[in-house]
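There are two complexes below, and they share chain A, which is joined by chain B in the first and by chain C in the second.
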Partner chain A sequence: MAETTKTADSAKTAPVAWRRAGVERRSTRAWRVRGSAVIVALVVLAVLLVPPLVQLDEQAVDLAAKLQPPSLAHPFGTDDVGRDLLLRCVYGLRVSLLVGVVAAVVATVIGTAVGAAAAASGGWFDRVVMRLVDLFSSVPHLLLGIFIVAMFSPGVWPVVISVALTHWLSTARIVRSEVLSLRSRPYVDAAISGGASRWRVAVRHLLPGVLPQAGLAAVLMVPHAIWHESALSFLGLGLPTHQASLGTLVQAARGSLLAGDWWPTLFPGLFIIVPTLAIAGLAGAWRERLNPRRRSELML
Partner chain B sequence: MLELQDVTAGYERRAPVFRAVSLSVAPGEAVGLLGPSGCGKSTLARVAALLHRPDSGRVIIDGTPAGGWRHRAPRAQRTAFGVVFQQPRLSADPRLRLADLVAEPLRANGRSAEVTETVRKLTARVGLGAELLGRRPHEVSDGQLQRACLARALVLGPRWLVCDEMTAMLDASTTAALVAVVEEYRAESGAGLLAVGHDRVLLERWCDRTVQWGGLGASLTK
Partner chain C sequence: MARMTARRALFAVPVLLAVTFGVFAVAEASPFDPVKAYAGTAGLTASQENLDQLRANLGVDQPLVTRWWEWLTHAVSGDLGDSAVLRQPVAQVIGERLGWSVLLASVAFAVAVLLGTALGVLAARRQGGWFDRGITSLAYTLEAAPPFWLGLLAMWLFALKLGVLPAGGLTDTGSSVVSFDQVARHLVLPAAVLAVSQLPWFVLYVRQGVADALEEDPVRGARARGLAARTVLLGHALRSGLLPVLTLIGSRVPELITGALLVETVFSWPGIAAATVQAATSVDFPLLAALTVLATIAVLLGNLLSDLLYGLADPRVGFDG
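Presenting the complex of A and B:
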């Protein structure tokens, strides 16, 4: 109530400035969303279509063409053993995206289950679980991730496990608070009074309320998971070096960067940054849709 | 007979909202409970409908003590109450269409076969047009939604109705219509009513007996 009056008052005193800011904001956001959607669509098409359609071996070594700067034959140039960097980047993006999506989904499932269980049972179980979540959250993600990958030999799955196990904590918190807030609504009281079992209340009334939040958390987690995969691989702890991923590409390019060859670092670097920002941009738009009150506050 | 004996309830054990309140409603009787806002009327209504566990005291339904609270209450005891809340927006699941909202208690009790017939009858009774049944809560007005919530409360044929400020959000004509539906239902089923509110004029016209909050033997703690 107080907020509405406040906004109305400020709209009265400075209507022009407010509206103009609102319009600009709205249109830039629309463009950001469209741009993000285009980039994400291109990325998905590239990782799905390029490997089956382009019958080229991304690991084919051509020592005669090593460290070529970008040209028509090799738009992104070649690396220190003459592999085509455009092809390596697309394959690397494929692996990184796979790791990111699988890790994000696993982390969301764990987080949702833990958060919902904590909220539903309450009492000492809730307190113990949430203090454990706090404990794990206090350790830097990357450090914990390194600790976990170090227990396995290099490969895709240790990285997925490591990223998933370090990223479910925030989802557990979000889902727990969401379930707690939904559970105290009068419509849950009405359902109980109507004879609904615990299971029915959970599946019919609570879960549908939590799913959008959990889905959003999953999408927001994908870029984060990709950055973690890249960071682990860059440190030499993630994927084996011959397997192209965005992290291993940047790691392999370190030596050539010192020699003044910029392209083996720049293009994989852009491949890490641009798609992840695009995914985050789409997720941001989704979040604003889910939370219209916040959107209207932003727009006014 | 619905009896509340020496009920102390609240949301924090050390600071209950009220202490040692007793109240009884006879079958077929309409009891109005009047009190200022924040005194604990709604909490008492939730205790009466087995939706809130009191810190101490007893609730006795037709001679049988309540077997538990919320999900722990036996289903037969829980469904003996039809509850209507103050704010229809909050008491309707935003994802359910009005027809499903009214049918939900039938489905929860494995009586899906009766849904079509019962929902048609009840929604006509509370004055909801057929064109509204496919809409979701955000697409109807407060009054229309409260009509659906009343239909939901009546759908299982409860022996006790608990109306917690049922008409506080409504205009005079909708209030009159909903009260008439409640009274019609009570006349044919012999259900008892506990109506909570702060509108003295309304409750005194509606109920056989109105009780002022202070006259319950309640010692208020805040």
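Presenting the complex of A and C:
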């Protein structure tokens, strides 16, 4: 007893420098998580509350105030027909976030279903399905997305579908390997030998283990989906140009940029980057909580 | 080595068959009608008989599998059909543009690999230091930034504000000759933007790989033998730290194609991207199908390259796997 307290004491006192560095790093990490949480909360609040509370028309054209640089009246400046860019960016973020979240949810559902089915059935079905997943991954996502959107004519739904159809692959892989590793755990064996039905094993023992991983994949997919939506819209293949999304805003700003006005281009891009980093920061903390032993990995 | 290449090539055949079939199946499921696309505005006034005749002439009344097989047999002999929007054979469209895309992508990729490795090693040298933290934050930010946005801002800064580089195209406007000098000057900005958009991945992975390698026994042993820090870092840690990067280098090809597509569009580079966007906006099926297959081939080549590099770099890996 005395010995254990002694070693604990010496461990506490000896590597002071090491410990301090570790503590510091942990505190900066905590601040990063807090900052990310604040930004995500702000984004959600802005997206949900600004349209109903701020009774301003984002489409309101004011030709007297066109292409004004950022000022107090217009913090982000105005675009080429005098619309307030801060308001346009919030509306664009709203549309992009909606597309991103819906696409991520659809992709996660597809991925979870495919991954779980492959892992649960095993054998030739598993092999065929995973080969198909490999196959899908051999086509660049954006190009596949362009192809689907082109074939089904641009619009909100083709964009959502094309983003969802190109993003379920990694989720299917993650869920499959998670189910395979869970299935070999002793408690699952115990449940099976205790006479639990296949369904019960799947719902009571496998699903709770898989859901956090699938949820994490879904959260990480939202920025990806937003990125894809903006890329498709920028190419003129995504949302219609009158619909403010982060991609269409950058696309619409090209003319002003060539005339030398930088703000209509700069701010929509920042609206993509900042929420992406915040979501990645939060997801990173979540991942560390899920797998504390695994070294924190690269995000995005 | 030859054996593995042959195996890979053999594996590519079913992949390409499946991808082409998938492309035809998506087109079949979509509301897109090739007859209306072919006839254009004339299709609105044409009689039903004429449209049916056209349908038969184009072979669209055939079942999906027949049309796919027809396309495939023609494609193998080099005939990829005609592009409706560019009014050229698809093979010619690709032939004229592929070189420029490959030039842009390979220059950018080389810059990203070299610069990314250098920055990654420097960051891993003192993990948690100011350089490491700065580079890592910058890398995450750049990773989150869309390449087209970076391209537009770079164009604004370097071409419009500073006026040091041309804003786009392959040659100066008004000049009809494609000279090396002009192409090189027009290449700088798009290649730099594409390289910057690919850079974060390399920096972060090399940093991670080298940092892990610094903890490995051979590296510790080298340090214990009193070798210079530089030798340990470059001779031991970098060599084993690069292995995971090499295995994943092939998986960067899809990202490279995506980035090139966007950057080419921003800078009006006369590569594949402009053709892709045109083909997509006017639903030019033969061109789109060929481009999708082309991208798949590029991805498969990337995978092969990565396996070969891994085998060359790590003698423990056999080529018969």
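Just so we're on the same page, the second predicted complex is superposed on the first by the 273 of 300 C-alpha atoms of A that agree within 3 Å, B and C clash if a C-alpha of one lies under 4 Å from a C-alpha of the other, contacts with A are read in each partner's own complex, and residues count from 1 in each chain.
Simple rule for what comes next: a contact is a pair of C-beta atoms (placed from the backbone, for glycine too) under 8 Å apart; a residue touches a chain by one contact, two chains touch by 3 or more.
Because the structure is a prediction, the values reported are computed rather than measured.
**Student:** Would you sort A:Arg127 into first (chain B), second (chain C), both or neither based on which partner it touches?
**Tutor:** So A:Arg127 meets neither chain B nor chain C here.
**Student:** Which partner does A:Arg34 reach: the first (chain B), the second (chain C), both, or neither?
**Tutor:** neither
**Student:** With both structures placed on chain A, which of the two partners, chain B or chain C, ends up touching more residues of chain A?
**Tutor:** The larger set of chain A residues in touch belongs to C.
**Student:** Under the stated touch criterion, which partner chain does A:Val250 make contact with: chain B (first), chain C (second), both, or neither?
**Tutor:** The answer is second: A:Val250 touches chain C but not chain B.
**Student:** Can A:Arg289 be said to touch chain B (first), chain C (second), both, or neither?
**Tutor:** Neither: A:Arg289 stays clear of chain B and chain C.
**Student:** Applying the document's definition of touch, where does A:His205 land relative to chain B and chain C: first, second, both, or neither?
**Tutor:** first
**Student:** Touching chain A in the complex: which residues of chain B?
**Tutor:** Chain B reaches chain A through residues 46, 49-51, 70-71, 75, 78-79, 81-83, 85, 87, 90-93, 95, 104-105, 108-109, 149, 152-153, 155-156.
**Student:** Contact residues on chain C for chain A in the complex?
**Tutor:** These residues of chain C touch chain A: 15, 18-19, 23, 26-27, 30-32, 128, 140-141, 143-146, 148-149, 152-153, 155-156, 160-161, 167, 204-205, 208, 253-255, 257-258, 261-262, 265, 276-277, 279-281, 283, 285, 288, 291-292, 295-296, 299-300.
**Student:** Name, in rising order, each residue of chain A that touches chain B in their complex.
**Tutor:** Residues of chain A touching chain B: 185-187, 189-198, 200-201, 204-205, 208-209.
**Student:** Can you list the chain A residues touching chain C in their complex?
**Tutor:** 21, 25, 132, 135, 137-144, 146-153, 223, 227, 230-231, 234-237, 250, 253-254, 257-258, 260, 262, 265-266, 268-269, 272-273, 276-277, 280, 298-300
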